[in-house]
Structures are given as C-alpha cells and as structure tokens.
C-alpha cells in the first residue's frame, strides 16, 4: 500500500480544498471570493493533472502541450468574446 | 526499445484489403476519390448558380424536371438558390478540399515520407474515413428533405439558421447540415490525432524534425490547428441543434417576430454563434491552405533541381501562422455589431499575419532562382499556385483592414478573394499533387498531353473568373444575391455576370479532362519506374505502388535533409535522403 | 521525361502568361470601380482603398515581373547556376519582404485606417444629428423619426401587428408625433444622421454603397451609427447580410434633401 | 469511445520517442486536449451568457451545496481509486487492479445517480432547457448542457472502465490499457473541477 500513499494523500488535500471552497462561499465576498475560488480551482486542477495523471513525471514538452493547449486556447476564446457579451447587454432593448 | 518490426501481414479478403482497409495508402486513395466525387457534386451546384446568375428570369424546362420543387415552372426559386449557395460552400470547403489535401494526401504521404510502416492507430484511421462517408451522404441527402437543403450560407448565422420558419431550408435541411458537420468534425479529429501522433512518434531512424519534407510539416501544423479549433465549432453546432429542436435560446434574443407571431425565446444573441463559428472559420482556411503551400514548396526543388529557398524560415512561418490564425477571427465581424475597440485589435492582428505569408510567397518565388526549370504537368500547376498566391494574397490586405472592410464586407470582393485563395490554390496544389504522386499510387504515369490541356483550360479561366469578381465587389455588388436586376447602382455590372458564367462553364468542362485522365491512366497509363521524377524524398526509395508495410524487412535510415539536389561532387543531380554522408557531402 | 525543347517553350509561354497577368491586373485595377462618393467619412475609406490598391498593385506587378523573368531566364538552363542560399541570405530576403509588407499592411491600418475607423465606429454622433430609427424585418426597412418632441415612443414586441409593424405603444404620449415610413429615408444634406439600427427577426445589413456605410442589424440589440451625407440626391439602400429568400430584393432609398425641402416634407408628412 | 490497448507494436526505431511515452499514450493526451477544448468552448459560452445577462440566480440558495460537495467527493475518491488501480497495474498484481477498478466504476455510477437525482429535483421545480423559475432565461439551458455533457463523458468513462475491468479479469488487459482508461477518467474528474467551481460557486 506504500506506493499508493501519494494518491490518497492527494485525495485528502483535494477534499480539504473542496470543503474550503464551499466554506469560503459564506465567509468572503466579491472580488476576493472570485480570486480565491479560481486559485483553489487551479490548485485542484494542478494536483489532479500532476499526480493522478502523472503529468509531473512527463517531459516538459508534453506538459506544455497539454497545459498551454487547453488553457491558452480557452483563454483566447473567452477573452475574444467577453467584450462583446458586455456590449450585447449594454445595447440590448431600446438602449443606444 | 523497438525490435525489428516484421511487416504487418497483408489482409487477404477483398473486404479488408480495399473497403475496410487499414492501410494508410488505400485510405488515402479512398479519401481522394471521395473528394473527387464530392468535387463533381460541388461543381455542379456552382454551375447551377452560374446559370441562375447569368440569366435570372429565364425559363429552364430541362432543369425544372431535374429539380421539381426547387425550380418549379422552370424558374429557380430564391430559397433553392440559397440552398445551392450553402451546400456549394459547405461541400467544397469541408468535403472536397479538406478531404483531398488533408485526408487524401495526408494519409498517403505522411507514413511514406517519414519512413513509417503505417499510421500510429490504423483502426482509428479507417474509422475516420468511414465517418466521413455518412457525412457526405447526409450532406447530399439534405437536398431531398422537406424544405430543401440548408439555406443560411455555409456560415449558418442564426436566427436564419436557428428559427425553423426563417427560410424553408432551415426547417429540416439545417438539422441534416449540423449532423453532417458534426460527423466531419469527429472524422477530422480522428484523422488529426493519427497525423500528429505518427509524425511525432513514428519517424524512422535519422529522420529528425528538421529533415522532414515541407509537405509533412504543413500537414502537421494544419492538423494541430484543426485539433485546437474544431472543438469550438462542435460546441457551437451542438447548441444550434438545441436551439432548433429543444427550445433553448442560446442564439435567439427576446422579441423575435416571425410570420406574424412572437417567438417565446429570451436571452441569447446571434453574435455568440458568429464568434464561435469564426474562431474555427479562420483557422479552418489555414488548415486548407497550408498543405497546399507545403505541396508547392516540396515540388519546387524536384523541378528546379536545387534546394528550396528558406526551409527553416518557412517552418518558423508555419508556426507563426498557426499561432496568429487563432487571434484574428474578428475580421469577419467588423460590421456585425462587434465592439469597435475589439475590431481595432483584430485589424492589427489580421494584418500581422501577412508577414509570415509574405515570407512563404518570397520563398516560393526565390526557389526558382538559378534552378534548371523543367515543366512536366506538376510544375505547371505549381507555377499556377505561385501566381494565385501572388495575387489572391493581397485581397487579404483589403479585407483584413477594418476601414476598407466597411465597403467590401459581404460583397463579391470577398467571394473573389477566398475563391482565389482556398479555392484556387488548394485546387491547383491538389492537381499538382495528383499528377506528381500518381506514379507512386498506381505505378503508372498520367498522360502529360491531357494534363497540359487541363492546365491551360483551368488556370487562365479560374484566374480571370475570380479576378473579375474582385472588381464586382469594389463596385459594391453584395454577395448571395439571387438576381441583380433590382438595383441601378449595379446596372453596369450585370453584364459581367454573363461573362463570368460562360468562363465558369469552360472551367467546369475542363475538369472532366482531368477525371478521364485519372481513371483512364489507372489501367492504361504508361508503366512508371519507382522514381520517375528523380526526387530525393523517402517515398521514392520504395516500389510503386508500395507493398503493404511500405518497405520490406528494413526501414530506411535517413542521413540528409530532403532537398539535396545538385550537391557538388555527387554522382547524379539528386541525392536521396537515404544516401549515407560518405558518398556525397551532406549540405544542410 | 527529358524533352528539353518542349520545356523551353513551356517556360517561355508561362513567362509571357505571367507577365500578361501582371499587366492585366494593373490595367483593370486602375479603372474606377467604386460607386460615386456621397458622404464625408467615405473620403477616408476611399483613400484607404486606393492606397491599398496602389500598394498591392505595385507588389503584384513586381512579383509577376520577377516570376516571369525567372521562368524565362531559368526555363532553358540544363545546369543549375545557383544552388543553396546561405541562412544569412535567406533571413535577409525574408526580413526585406517583411519590412515592405509591414509598412504597406500594418502601416496602412495604423496610419490611414484607424483614424477613419475611430471616427466612424468608435465615436458618438454629434448632438446636431438627425436621429432616424431603422428597424429591419424580413425584406423591408421600417423607418421612424422622433417628430417634434424629439423622443421615440416606447415599443414592445407584444404589440406588433399588421398595422403596427414596430409595436409602438399607443398609450405612450411621445409616440403620438412619431413619423413612420417604409423603405424610404429622408435626410438633410451636410447634417449628421444618427441611425438607430434594430431588427425584428434575422440579421440584415444597412448598406449604403455610395455613402460607404455598412452595419449589420443584430436582433436583440440597438446599434448606433452616424454619417454625414454631403451630396443631395437619391441613393440606393441594399441589404448586405444573408437574410432569407428576399435578401436580393430588399431595396430601400435614401433621399438627401436641402433643409427647406426636408421641413416641407416633414410638414406634409405630419398632417398629410 | 473504445480504446483498444492491444494495438500494433510500436515500430519506432528512430531512437528515443520524443516524449518518452508510447504512441497510444501520446494520442490519448492529444484526445484529452481536443475533448477538453470542447468543454472549454462550453465554458466560454457559459461565461459569455453570464456576462450578457443582467442578473444571475444565487446558486447557494437554490442548490444545497453540501449535496454537490458530496458529488465532488465521490468523483475525487473514484479518481484516487483509479490512480491506485493504475499503479497496481504497473506493478502487475491483477487482484488489486480488479478491486480498485470496480471501486472506480462504483464511484462513477454513484456520481451519475446523484446527478440524476439532482436533475429530477430541479425539473420538478420547473427548470427546463427553455425556461427556469429563477430569473436569467438561459440559466436552465446552461445548467443542463454543461452537466449533461459532463454526465455523458462520465457514462462513457464508466463503460470503458467496466470493459477494462472485464478484460483484466480475463487477463487480457495490459498495464497500458488500464493507464489509458485512467487518463480518461482523471480527465473527466478534471472537467468536473472546472464545472463545479465556475458554475456552482462563482
């Protein structure tokens, strides 16, 4: 069972973070809540990707392909359309 | 780590050898022939459109028999014309050019040019072909659905595509269109996965990345772009399907009034679809044009007997185009209500993509400098590609720049520009590739005389036809119009529609010369030896057509880059990649 | 494969064709294709298009001349006269090409394009503008003027009916003096026009070729655009975004009048 | 999404494969990037709709978050059992592999059950694809599309894991097959981390 300890340790940390995120929902508000939740989400994603999926023990080029491929393209897509979402809201209805 | 690979056993039954074959060469040829068939379908749709545009009100009794509901009473109905536009665009972009270049030559060439026995996952590769075939059937079948084929353009902007009563084609035809597109995306993803994994993982000994031919580089970058951007359209198409059938309103705002009743939808906006569609749309056109540029740059050294100009620069430009192509999609939406500040960002981004494209253009022309040029059929078409790139490319300057796009958006200028680029360059490069690799595919040569006739009937007509469209666009002629007799400001340009249609019929007829030449030469063409063009890349070191495992017992070992032509001190003016450095100095 | 004579002829034919294409593009490109100009900001757009035509024409011409020369000169060589460019030369040629294109393309955008784009799209209409609300529907342009009180009546989609195409709320008092018209827009010469573009069903596009104006009307949004017509006369209004089977016949008219005629027309319309 | 582990032997003899892993694992990672980007597309759409709608219901009041936490807990635990199964497969003791594979399948089914329970609860409250009683018109559509597509991936993951379990029971599954199924399952859990945070909490 010793070799599996790393997975169950990660499992424990993930649960703590999840409970922390829900608790944060009540305690913090506004921008601080948003940032802390995003950070916690990033840590959980890194944990799952790193230890469970053994991404940590892969070559750097593969890590870059996976992380950049997913995060960068998703971020570009959202950044490109976010400005228009606000504009649609502002100009909806009789607006102008 | 890899024991000497014994050649995979040859499947015996006819079914597994030709129909459900897992051999990348057979799959490549299957893709190519499917692309040719769909090319005929797409071309006929274009001919119908040209007939309508040249003689709008004319009564065509013959055609009304062929299309009873679309052309009832001999005169084409506007909604049938819109179905023709939509399906001509969709079929040509996704089911002809993508199939011929990425599917056909990608499958046939990649393992042969990097020294692999087959694709990494042959079963998935076969599955990708057999996913596209139902896609083609569904696209063609959508003409016979109630209301006709989809009629909201190949861009399928909602609410025209989302509201079932907006145009007859959006009743059922649009759903079939979405299903056909979803099948295409799944097939392209399966193919793309195979290409990228094979290129990264299955190269033979000595074939480093910087020794790969430019065709393989272009297909690699095109597959990467496709893998990264197609999912956005898959998500958007699924939501369009939900909007059309399950009552959601992702793209439908409140207050839509159709056929004098108010739709209950609330909350969405069509701008969301435009963003997601064009996030794929623009990279998709690079997925189509990069393999064509790769083929051109790979064929130039063979017919000039000298290395390509700027091998490294071209590879850096392919990377630059791949990255830039994902941040420029907004130039399709300058006047669509998108925020003008975002428009400025996209204008600057779009015109920065002209820089790597210019470098590739200069490399193509400079590769001719000082060479000893020969002009068999493939070289004619390669020169055609350079001319199209040299003219069509500059259309992008007008449309990428937001200010001039105000006047030229959605006019025939756009139609002329993209036909020269992803229509012309891909078509000529595909013809060059077929004439060049036909001996490797079937072991016979295609007739050079027919090829010359085909070239001199295709190149000038295609060029003249779509150059005139640029001027129609400058005159303000809007796109996707069923007829032009309603506007005075266009009265001067109506005559040009007739000229264009006549030229288009010549162009259409010329393609049957190619088809005859292709199928006739499979059985009757002159026997070809393994290396008819005396080229240096790996596929010419094996028999033609290559055996099942591409090479016999021993995989070739690569010692030099693919363009060692006229190496000083070498015996012949072409030194294949497998020649060890001892015999002729490796000039890299 | 080695019939040298036919290659020499093919090389020369190709070279001539390429030269002819180059000259043909320049000759046909230099004619006047753009519709006659009738708006202030249109001049900026025309300058941008003409600059790009000239620059692209120059590059197309040089490209084709060089390509034709290479085909002519090296078509008949049976031994190569130049083999491998050094990396330095490759980089030099690439940098040269990039510099020329950067000046033409990016330079054109930043120097000529952006000021016009900022004025047309990114700036609000001047207060002296005549406000016209254009609501597009499948295959017609509903035009509405605010009338003397200067305010548009409230509209709601529920009230849309055959005789009330815009769904104007009758109880709203500022709606009483609104003037509604179909497919014809009356504006005053040299006075800014602010168009409030809306759509009832699908995406259309408000396209005035002579005034270099084009803006898609997005259902669910009210998009403002403004321009200054500087020539009197009637100009055609076309739809430039696929909107259904009537897309090709959605013709409207923009009548640019002198201020007096406009006042006369307004009076006639109000009590006519 | 049937992953055949017994694929063609890697005939790479060009020295070390660039990423030091076999082609099947490389292809699995590329598939994960491509499938992940479909979810990135959905989340970008969800973000667009959030920004474009004037108000957005307060999820902590309408969802009982402890139940959602239990769902997340189940999925993370099944991810941990999956990782153990993969490690056991690499060591070769088939009994542990089988036991943890079945535990993972159980976790997946439990997650799907809870998801179905939550869906029926919301549908009974009147939420549907076209409308929902909490204000923002597209809230229901976003919820059902996001969780529906994630659910479909969990279902396909459970099917793949069940087949891998059967194959390892019959001694046919190689360590690489279990590892690929594990990669897919962890990917499904990774997507849930994003959906859980972006949809339920922010």
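Which chain is which? They are A, B, C and D, in the order written, and residues in each are numbered from 1.
The criterion applied here is as follows: a residue touches a chain if its C-beta (ideal position, glycine included) is under 8 Å from a C-beta of that chain, and two chains touch if they have at least 3 such contacts.
Quick caveat: nothing in here was measured; it's all calculated off a predicted structure.
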item: Most centrally placed chain - per-chain CA mean versus overall CA mean; value: B
item: Chain pair that, of all pairs, has the most C-beta pairs in contact; value: B-C
item: Separation of chain B from chain C, taking each centre as the mean of its C-alpha atoms, in whole Å; value: 28
item: Distance from chain D to chain C - Cα centre to Cα centre, in angstrom; value: 48
item: Geometric centre distance via CA averages, chain B-chain A, whole Å; value: 37
item: Rounded Å distance, chain A centre to chain C centre (Cα mean); value: 42
item: Overlap residues in chain B, where contacts from two or more other chains coincide; value: 228, 232, 253-254, 268-269, 271-272, 275-276, 337, 341
item: Residue numbers of chain D (touch at least two other chains); value: 18-19, 26, 33, 37, 40-41, 44, 48-49, 52-53
item: Where chain A touches two or more other chains, by residue; value: 69, 73, 77, 81, 84, 88, 91-92
item: Complete list of chain pairs which touch one another; value: A-B, A-C, A-D, B-C, B-D
item: Touching residues on chain A, where the partner in the complex is chain C; value: 88, 91-96
item: Chain B - residues contacting chain D, complex; value: 1-5, 8, 115-118, 120-123, 189, 192-194, 196-198, 200-207, 227-228, 230-232, 234-236, 238-239, 242, 246-250, 254, 264-269, 272, 275-276, 555
item: Touching residues on chain A, where the partner in the complex is chain B; value: 69, 73, 76-77, 80-81, 83-84, 87-88, 91-92
item: Touch list for chain C against partner chain A, complex; value: 152, 154-155, 196, 220-224
item: Contact set on chain D toward chain B in their complex; value: 4, 7-19, 22-24, 26-27, 30-31, 33-35, 37-38, 40-42, 44-45, 48-49, 52-53, 128-130, 136-138, 141, 145, 149
